Amino acid sequence: MQRTSKLKSAAEALAHVKDGAKIIAGGVHLSNTPMALVRQLVRQGVRDLEIVPTPATGLWVDLLIAARCVKKVHVSYIGLEFLGLAPNFRRAVEAGEIEISEVDEPTIFHGLRAAASGLPFCVFPPIHLLTDLPKVSPDVYKTITDPFTGEPVVAVPPIQPDVCLVHVAKADIYGNGLSLGGRHMEDIITKASRHVILSAEEIVDTSEFSAAPTQTTIPGVLVHSVVHAPFGAYPGACPGVYNYDRPHLLEYNEFAKSDRTCDYLDAYVRTRNSDDDMIQRIDPARLQALRLDAR
Amino acid sequence: MQRTSKLKSAAEALAHVKDGAKIIAGGVHLSNTPMALVRQLVRQGVRDLEIVPTPATGLWVDLLIAARCVKKVHVSYIGLEFLGLAPNFRRAVEAGEIEISEVDEPTIFHGLRAAASGLPFCVFPPIHLLTDLPKVSPDVYKTITDPFTGEPVVAVPPIQPDVCLVHVAKADIYGNGLSLGGRHMEDIITKASRHVILSAEEIVDTSEFSAAPTQTTIPGVLVHSVVHAPFGAYPGACPGVYNYDRPHLLEYNEFAKSDRTCDYLDAYVRTRNSDDDMIQRIDPARLQALRLDAR
Amino acid sequence: MSMDFSVSELMAAAISRELRDDDFAAVGTASHIPLCGLRLAQRTHAPNLWFLYGGSGALNSKASELVEMAADYRNLEGAEYRTPLADIIDFEFTGRFSVLFLGGMQIDKYGNMNMVAVGDYAKPKVRGPGTVGLAFTASVQRTFVYVQHHDPRLFVEKVDFVSGRGHSGPEEVAAYRRPWAQGPTYLISPLGVFDFETPDGAMRLRSYHPGQSVESVQAKTGFKLAVAPDVGPTPAPTAQELRIIREIDAGGVLRAGA
Amino acid sequence: MSMDFSVSELMAAAISRELRDDDFAAVGTASHIPLCGLRLAQRTHAPNLWFLYGGSGALNSKASELVEMAADYRNLEGAEYRTPLADIIDFEFTGRFSVLFLGGMQIDKYGNMNMVAVGDYAKPKVRGPGTVGLAFTASVQRTFVYVQHHDPRLFVEKVDFVSGRGHSGPEEVAAYRRPWAQGPTYLISPLGVFDFETPDGAMRLRSYHPGQSVESVQAKTGFKLAVAPDVGPTPAPTAQELRIIREIDAGGVLRAGA
C-alpha cells in the first residue's frame, strides 16, 4: 500500500471550515501568518468565526473582521505592530459589532497549552487580580484555593480550536513542516487543535526531513492537509525566506483606516480565484526584492 | 568591561551543593546524563540529597545511592533500561534506607513544568484515581473541583530543584549549550531550577552559537557554571558524539547486583582526583571506538 | 512443520496485523519486537501509521539496525521528527496515541499492571522501577501489553500495586477513564496472543505460539484464563512478512532471540 | 549649547545607565530606543546583561540594523538563542526578567497602564489592542515604562482600565504582587525621566530632556507630577556613548527620530 498524500488546494483544505468554527492561525505580528489560507476563507465567505489568536497578532484578524467573517475574538493583542492599531478591529469593537473575550498573553498561551496537554485547566499565581480582566471576563478568571498552600490562585480554562492554520517555509506531502524563524506557538497550537492545515512556501521530499529530523518543527502526524502557497505569508514576512512588503502594508492600513477595506478585498482577494492568482498580480520584481536571498 | 566567563572546574562548580540539596540531572535512561558531575558529587561526599529525577533514568541515582549521598528519591522510573532494575535503588528501598515519593512520568514532568512556568500547581484529568499512587502519595495527589465544569480533577504540586546538572555536546563560556540528541526536559529543568551547572564535551567560541541561534538548546542566561567534561556522559552515551560503553555498564551492573558498588566507586571514582583523571585511565582505543565519528 | 522463523519474529508479525493504517503508536524501552511489528505494518497494510520510538524521540524511525536502547540516538536515523518529551506526554494525556505499548512486573486477570512493588508496598519483596507512564492506560485509545516472559509470577490473580488500571472496578473505570480510552485491548507474550473480550474484561487466550497449547499457556499463568471459542495457533508470518522483518532486523536480533 | 545628539539618542543613553550588569531584560514592539539602550549598556558598564528582543525571540541580538518590527527574523542576527514564546512567558511569570519594558495608551499617576479601552469598557471611545503582557508588572522584578509620546491624553489622573497594575491600592498590591516584583520603577518619555519614589508610589520627575523644564513637562501631563529634589536636565550622552550608539544604529534611525 502507498502512503497517502495530504497535499490539497487551499479551497479543498478549507472546504470543511464551517460557519461558527473556532479558529487559530500561527505566527507573530506580521511574521509567518498563513495569509493565503486566510484570504481563501474570505473567498469562501465563511461566517461567524470565533477567533482565538496567538498572543500578539492582528493583520489576519483585521482582514477577516472587514470581510464580515467574524463573530467573536479572544483578545490579547490585536494590532498591526509598528503600524499601530488594527483599524477594522477597533471600529468593530467600538461599534459593538463583534463579541470580545477580554484576556491577555498568558491566558491565551496557557489556555492553549492546557488543551494541547489534555489538562482540564491551568492555574496562575493571582497577578490577574491586580488587573481589570477578571471584572470584564468573570467566565475566564476563577479564583480558587491552592490545595497545597491554602492561598488564592486563579484558574483559566483550556482553549481548543476547531481549526488551526500554520505557515512554514517547507513541508512534505505528509505534513512535516520546517519553520526557520522564531518559535512561537506552532508546536502548541497544532497539538491543541482538532484539525490542522499547513501552508508552505515550498513542498519538498520527505528525505529532506528524514536527513535532519532534529530540525523538523511540525510533525506531520498532527497535520490533516498541506497546501502549497508560495508567498503564503504575504504581505507579511516568512522568516528566512522573505521580508514583509512595507508599501503594501501601508496601503492596507490606509484602506482600513478610512473604512474602505472592502475595496482592498475586492482588489486583491475576492476578484482572484485563488491566492496564486493574487500573488501573480503583484509586481514580480517587487516580490523578488523582498526575498532574503536577493539581498 | 569584559563579559564574565562561567567556566569552572567541576569541583568549583559543585562546591556550593549543600547536604540536603534537591537535585535534578538531565538526560534520559543511559543517554546524556551528566555523569562527570555526578561522580564529582560522590568525590565531595555530599549527603542527604533529595533526588528529583527526570521521568526515565537510573544510573546516576543508583550510583549516588550506593555512595550514600541520598536521603530521598522522587520515583517515576529508576532503572537501567535494557540492563533491568537499578540494583542499589532496589536494595535501598527494600531495606527501607531511603525515602520515596511515589509518583510517575506526568507528575514529575508537569511538576517541573509548573515550577519552570511559575505556576502554583498543575491539574490533571482524574486518571490517577484509577491507580494506587494517590493512596501512597496523598501529599502529592489532591482531588479538587474543576471550577469550569464541576468535575473532579487531580492537582499535583510544582517541583523546584535547588540544583540542576545538564550535559551537552557543546557549550560556550557564557553557558549557551547545544545538545544533539533527543529533547527531553533540559529546556524545562533549567528553567525550573534555582542553580544550573552545564557540563560539555567541548567548549566552543560564542560565535558558533551566534552563527546559528536557532540551534542553541540551552540559553546561557539560565546557566551559572560551565564545566569542560570530555566523556562527561560516560559510561552512558552522548547523543551525536559517542555511544555508551556496554562492557563498562555490564561491569557496573555486576558490581551493583552483588552489592559491591563501593568497590566500583573505589576503582573508578573515589581514587581519582577528578573526572579527567578517571577518563584518562579508560583504554583510549576503547573510548575512541565509542565515538560516532569513528564508525 | 519445520519452524523457519523464531517466536520473536512470529510475535512481530502478530503485532503488525493488530495495527491499523490510521494508528499513531508509541513504544518504550526493550521493545525490539513491537518496533519490528510497527515497521512491518508500515511496509505492508498500514503505510500511514506513525510511531514514536521511546526515549530517542524518533518519529517513524528507519534505523538500519535494531538497537537495544530505545533512547539511542541512532534511532533518529531516517526519522521525520525528534519528539520532545513534552509532546510525548501530551499525546499520552490527550489520547493522540491510539496505541501505547506497556508492560509490567505483575499483570493480573483484568489487565491491571504493576511496576512498583511485589509484596507489601511499605516493605516490598521486589522493588520495581516505578509507574512511569502506566497511568496512561486510562487516556490513550488502546493499550497493547507486551511482555518478554510468561510465568505465574508475572501473570497473577491480583496485582500488589496498580500502576496502570485494566478492566477491574467498572464503576471507577467508567468515572475516571477518558471517554476515548479502551484500556488494555491486546496482550502478546512469548506463549500466545490475548485479548480482554469477556463480559467482565478478563484476559482471554486468542492464539498460542508454536509448541504451545491452551493447557501449556494456562499452566504458566497464575489465574484461570478465559479462552476464545476460535482459539488456535498464532498464524505464522507469511514469506513476505518474514522477508520484510529480516530487512528491518538486518542484524538478526529477533531471529537469534528465540 | 549645540545639541549634537537627538532626543532619541539621549533616551537610549539614559536607559542604558539605568540597567545593571546582572539584568535580564525584555523589550517588545516599537522599541528601537530601549533596544539601543540595552545594547549600549552591554558595550559599556553591563557586559553580562542579557536581553530578549520581542517577537523575534532573539537573545542578545547583534543585528546590524535597527529594524522597525521586533518580530523581524533579521533580529536573530548574531543572537545566542532563539527564545520560544513558552520561555518568554515563563520568564515573565517567574520574574527571571529583572527588567521588562512596557507601555500603555493611558498611564496614570501610580503607574497603572491601560491598553484596552479609553472611556467606558462596554462602549469605548478608543479600543486599544489589548492587555498582552501588562499583567506581568506584578511578576517581573522591575517594570520600565517606555513611551514614544507625552501628552495629557496619555498621562491621565486615573486609567479607564487597568491592564498592568502600578502602585495604587497598596493592600491588594501587597497581597497579589509576587514577592520579588517592584512594579514600575522607571519611566522614560520624550520629555523626561521619571521614577515612582514617593511614599505612595506616584510618578516623579527625575530629569527633563533638552528644551524642557519642570513646568513644560507638567504642562503636558494630565495630573500633578511629583518632582525629585535634585531634579535637573537629563545628562547628555558622553562622546563614547554617542559613538557606540551610532555604531549600533548604523542606519541613523534614532538620529533621524528627533
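A few remarks follow.
Letters are used for the chains, namely A, B, C and D, taken in the order the chains are written, and counting of residues starts over at 1 for each.
Note that contacts are C-beta pairs under 8 Å (C-beta built on N, C-alpha and C of every residue); 3 or more make two chains touch, one makes a residue touch a chain.
All figures in this text were calculated on a predicted structure; none of them were measured in a lab.
Chain centres computed from CA atoms place D at the largest separation from subunit C. Separating the CA-averaged centres of subunit B and subunit D is a span of 39 Å. Each chain gets a centre from the mean of its Cα atoms; for subunit A and subunit B, those two points are 37 Å apart.
Centroids built from CA atoms put subunit C at 28 Å from subunit B. Within subunit A, residues 110, 117-119, 124-125, 180, 187, 214 each touch two or more of the remaining chains. Looking at subunit D, residues 76, 82-83, 89, 93, 139 sit in touch with two or more other chains.
Chain pairs recorded as touching, per the definition above, are A-B, A-C, A-D, B-C, B-D. Within the complex formed with subunit B, the residues of subunit A that make contact are 110, 117-125, 142, 144, 146-149, 151, 153, 155, 157, 180, 214.
Of all residues in subunit D, only 28-30, 55-57, 68-74, 76, 82-86, 89, 92-93, 115-116, 121, 123-139, 161-165, 169, 172-173, 175-178 touch subunit A in the complex they form.
Listing the residues of subunit C that touch subunit A in their complex gives 21, 24, 44-48, 50, 58-60, 62, 76, 78-83, 87, 89-91, 93-96, 139. Residue ranges of subunit A in contact with subunit D, taken from their complex: 28-31, 54-56, 58, 75-79, 81-82, 85-86, 89-90, 93-94, 96, 102-106, 109-110, 113, 124-133, 136, 180-185, 187-188, 237, 239-240, 243-244, 292. Partner subunit D is touched in their complex by these residues of subunit B: 1-4, 116-119, 174, 176, 187, 191, 206, 209-210, 213-214, 216, 219-222.
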